[in-house]
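For reference, the structure I am asking about is given below.
Chains: A, B, C and D, in written order; residue numbering restarts at 1 for each.
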Amino acid sequence: MFETGHFSRLWRQVAERFGIQVEYLPGSWRRGVIVEDIERALSADRGHQYKAVMVVHNETSTGTTSKISEIRRAMKDLKHPALLMVDAISSLASIEYRHDEWEVDVMIAASQKGLMLPPGLAFNAISEKALAANKVSKMSRSYWDWKEILELSGKGFFPYTPSINLIFGLREALKMLLEEGLPKVFRRHQRHGQATRAAVHAWGLELVCEEPEEYSNTVTAVFVPEGHSADKFRSAVLEHFDMSLGAGLSKLADKVFRIGHLGHFNDLMLAGTLAGVEMGLRLSGIPHAEGGVMAALNSLSPKSKALSSQVK
Amino acid sequence: MFETGHFSRLWRQVAERFGIQVEYLPGSWRRGVIVEDIERALSADRGHQYKAVMVVHNETSTGTTSKISEIRRAMKDLKHPALLMVDAISSLASIEYRHDEWEVDVMIAASQKGLMLPPGLAFNAISEKALAANKVSKMSRSYWDWKEILELSGKGFFPYTPSINLIFGLREALKMLLEEGLPKVFRRHQRHGQATRAAVHAWGLELVCEEPEEYSNTVTAVFVPEGHSADKFRSAVLEHFDMSLGAGLSKLADKVFRIGHLGHFNDLMLAGTLAGVEMGLRLSGIPHAEGGVMAALNSLSPKSKALSSQVK
Amino acid sequence: MFETGHFSRLWRQVAERFGIQVEYLPGSWRRGVIVEDIERALSADRGHQYKAVMVVHNETSTGTTSKISEIRRAMKDLKHPALLMVDAISSLASIEYRHDEWEVDVMIAASQKGLMLPPGLAFNAISEKALAANKVSKMSRSYWDWKEILELSGKGFFPYTPSINLIFGLREALKMLLEEGLPKVFRRHQRHGQATRAAVHAWGLELVCEEPEEYSNTVTAVFVPEGHSADKFRSAVLEHFDMSLGAGLSKLADKVFRIGHLGHFNDLMLAGTLAGVEMGLRLSGIPHAEGGVMAALNSLSPKSKALSSQVK
Amino acid sequence: MFETGHFSRLWRQVAERFGIQVEYLPGSWRRGVIVEDIERALSADRGHQYKAVMVVHNETSTGTTSKISEIRRAMKDLKHPALLMVDAISSLASIEYRHDEWEVDVMIAASQKGLMLPPGLAFNAISEKALAANKVSKMSRSYWDWKEILELSGKGFFPYTPSINLIFGLREALKMLLEEGLPKVFRRHQRHGQATRAAVHAWGLELVCEEPEEYSNTVTAVFVPEGHSADKFRSAVLEHFDMSLGAGLSKLADKVFRIGHLGHFNDLMLAGTLAGVEMGLRLSGIPHAEGGVMAALNSLSPKSKALSSQVK
């Protein structure tokens, strides 16, 4: 596993609670997985002790993504037989996730992010290889075991009482996503990520994510300048504008606020969101340059486009 | 009656369809009622032929308001016995309307504006004087007659099948308005009206309403520059940003667009709305200065406030 | 017009309020229109003074229907040019109504009955002949005039703010009706009407409707025995079983209760309804024989059917 | 553990999957826990090897209840220190469950039964003794561990993304239960259980539960006569009456159908439900006597009550 942020930590914790020995490669919480680190670890693992490489695709606590395709390529180059497991909770249906092409063995997702539903459903996509490993595994498990749900869901049943209301909601959510078309959905989130970062840049604030190729298009984490409280700022925004920004988690607590821009979201909702941030910065006396919202509008609706439409 | 805009015209039409002779004082559609005009007409009416003065409080088609209190004062000064009837459809529960203090005889309102409900309910507030006039009136009427509903509603019944779902909704809407408190509701709409006008001013566009004292705080009508089509602009905003702006009506058709900011509305919804207008102006190649959204934010959240909070 | 019950009376009232002279043929409130009465009146009308024959298709206050097709046939036989106007409020989409075949000139319906929606929408279907009469009519009218809505609805607009939520609901309601298929919908209501009458018969109570060919399949009105209060009975049912039965109206007040069985309704809802009536009769000490619910079940699910399915 | 039916079996399965050695006292699936069996087992356990007595309070698969108070009394009499764990999933908020009085150590419940919500929330009530056991337990666990939720829920937080929509629903459900009052809620379910059993008796069918003192008041399981298929009967009821009856589970499959009567349920819903069963029996050619619905009505609304109200 690789320390990309709070959610990779939590995942590690789950693993360790079940007695799994985790090699947790340290990270700065400002980058995605550094592929060279994984290559180095796998190369050193001559005896193939590592059973799985586990990666958070989109680290919600920091707004960074990891390049799953490159990780898989590195594993292939090294002929390492470990399973590749990916937490796609805040990426699925919002940014590109290519399960088959990337040969992911276990993918984990949930209803409450890109699928635009209330919390309550979780999903796994599982490879044949992972299923085979599951069959021989001796770890204790019950509710989370795949066996029974695989047996029954093929017949339209569930081993336990399912969240039937959410399943109806899922049907509608998938219909909406397919009506828009996934390429358009991804492009929409890309535009919103870019516009949000344009705003942050204009304000003169610092992104948590240091590597442009790893920027998240579903959530943007932003440092407040030293000596200022991100949580007081968040409270002011909530109180004055009825908008709940994400908190900095764990070691980023009170230093960072997070702007979510995923799921059922459009340009004007983003503009309203960024307006709330800009007015909140002002109200909270946090040093910043004006004009973040304007920069976002310029990003969303470039002037050249206006000119070209004038020419028509 | 006074020609304040499209809705005063429609009201006149209703009156004339029932055979009422209407003296319709002409207006520019850029002002509310000019009190002197009414004074002049009432002064000339020595025989008290005029039975009612009928005024649209907030003219939704132009974004102007009329000063009901001054109209009533003029009627009192002239001791004219006409009834005062007010269309408060787009003002009630959003801007100040003082039924008793202004001694309005008949007020008309509806569910779908400041009361934040779907369309389907209408309301009258009626003075004793209006009730007395109603009793002797020989005009034909049935569904709209007050008689039966007054008899039955006191006992909790309706003469006809009522829109019961909306009545439950009304109970909740009133609860929300009273929780916020009407003075705060009015102040909220005032802030949004001011911020919207600040944006229009920054864009260098022209308001339909010419008189600052008569600006509407629930809807703002804006001219597009000559040679440009307001309707094409509105279509572009709808297509690109999924936002439906109000059309110019009747003689303002294609010349004007209207920004609604009433009912269940907050600062960030307004910021999103104005962002949609600004990006739409750009996309449609309509000449304008940048920065309307920024001006609105400055209006909503003045810098001085930020400074004072920094000092704390 | 013909006195079929409370709703024909109300309709007469509307007409008279607009200054229309109504010939109101008396009726017992226990029958639909008696075609011979109308024939007699039209035959006597040599000068064609009657401009319209106005009939309530399904009289909700008494649970009787009138035979529109026979009324139209009589009008044709007598070559009387009057318009045929039909109140189909509680029949449309529940029992057979053949607008074109019966050559109805004006049909009136509403959202809250067979269309399964909340109250708030009303509908007219209008013949060319009625439109022509409308054009030359000098009666004052405004909101209820057909002119503007006919002009605009063809273009997808409304002259006034429409009940847009109900229009979305209507789209779904029509989809549901067409999925089931109107013949099945009518058959369903027929079964429920028959089962309800079987229950009433078993209880030894008396139907308001005296003529089996005129039984309503959407509502059944039932007399309580003399000396008993239908309203006290209704109150007991409401209090003990949370079920609201229809009241006797006008001259049937306190003598009659009404069981609605229209719209979105199925066999088990009917069984529950009739169980509430039977237990309510018992609780209220109203003399009756037991077994109405059983009689209804026998009507809904005949034993022969069971036998035939046993043979399979 | 005691074999009361399908759900006690599933609970045993969960325990065994986590490596717990279960002494599973055999049962007929037609009784609740037989207290003497538990007494015998605990008496024999001189070394206090048993760590917990685990009982399903209301066995949903068979319609039997177990007497938790007597089990606790037996444990006390024998001074056995085992924890008492109770599955109250289909009893809580529908039939009497006295957590404190019965000194239950761990109670398990869920949102989708007596709490009248969609599935998605589960609840534990935990004694100090169980918490102490939890702290020293070395069993692997993560999501289901109590530690983190206990730490955070006191501050109004959740360790994981909570089903927030259901939590709002829970607030309303609790409000409804408290408005009715738990004693009335329990009495309502008791009346419905009695009426359902009166119907089954009248049909001449056999209840799964053999012991009247153990009848469930939230679900009734009924045998179809030998040679008949409960599942074909259930399919016929679903097809003809749009009502889904519970299936016989595991060794009762196809032999039993189950009538649920818990949660948000009233007399007329029960009458409709039983009418669907009676008509389904007839349609499916299952031998039975007529009159189950009538017997239920007699149970719900006794004649004596009617007489006494006649006397008034």
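As a convention for this text, a contact is a pair of C-beta atoms (placed from the backbone, for glycine too) under 8 Å apart; a residue touches a chain by one contact, two chains touch by 3 or more.
A quick note: this is a predicted structure, and the numbers were derived from the prediction, not measured.
Number of steps on the shortest path from subunit A to subunit C, with steps defined by chain touch: 2. At the far end from subunit B, in terms of centres built from Cα atoms, lies D.
If you average the CA atoms of subunit A and of subunit B, the two centres end up 45 Å from each other.
The mean-CA centres of subunit A and subunit D are about 41 angstrom from one another, to the nearest whole unit. Distance between subunit B and subunit D, defined via averaged C-alpha coordinates, is recorded as 58 Å.
The multi-chain contact residues of subunit A, meaning those touching 2 or more other chains, do not exist; every residue touches at most one other chain.
You'll find the chains touch as A-B, A-D, B-C, C-D.
Those residues of subunit B whose C-beta lies close enough to touch subunit A in the complex are 240-243, 266-269, 271-273, 275-276, 278-279, 282-285, 290-291, 293-294, 297, 300-301, 303, 305-307, 309-310. On the subunit C side of its complex with subunit B, the touching residues are 13-14, 17-19, 110, 112, 118-120, 139-145, 161-166.
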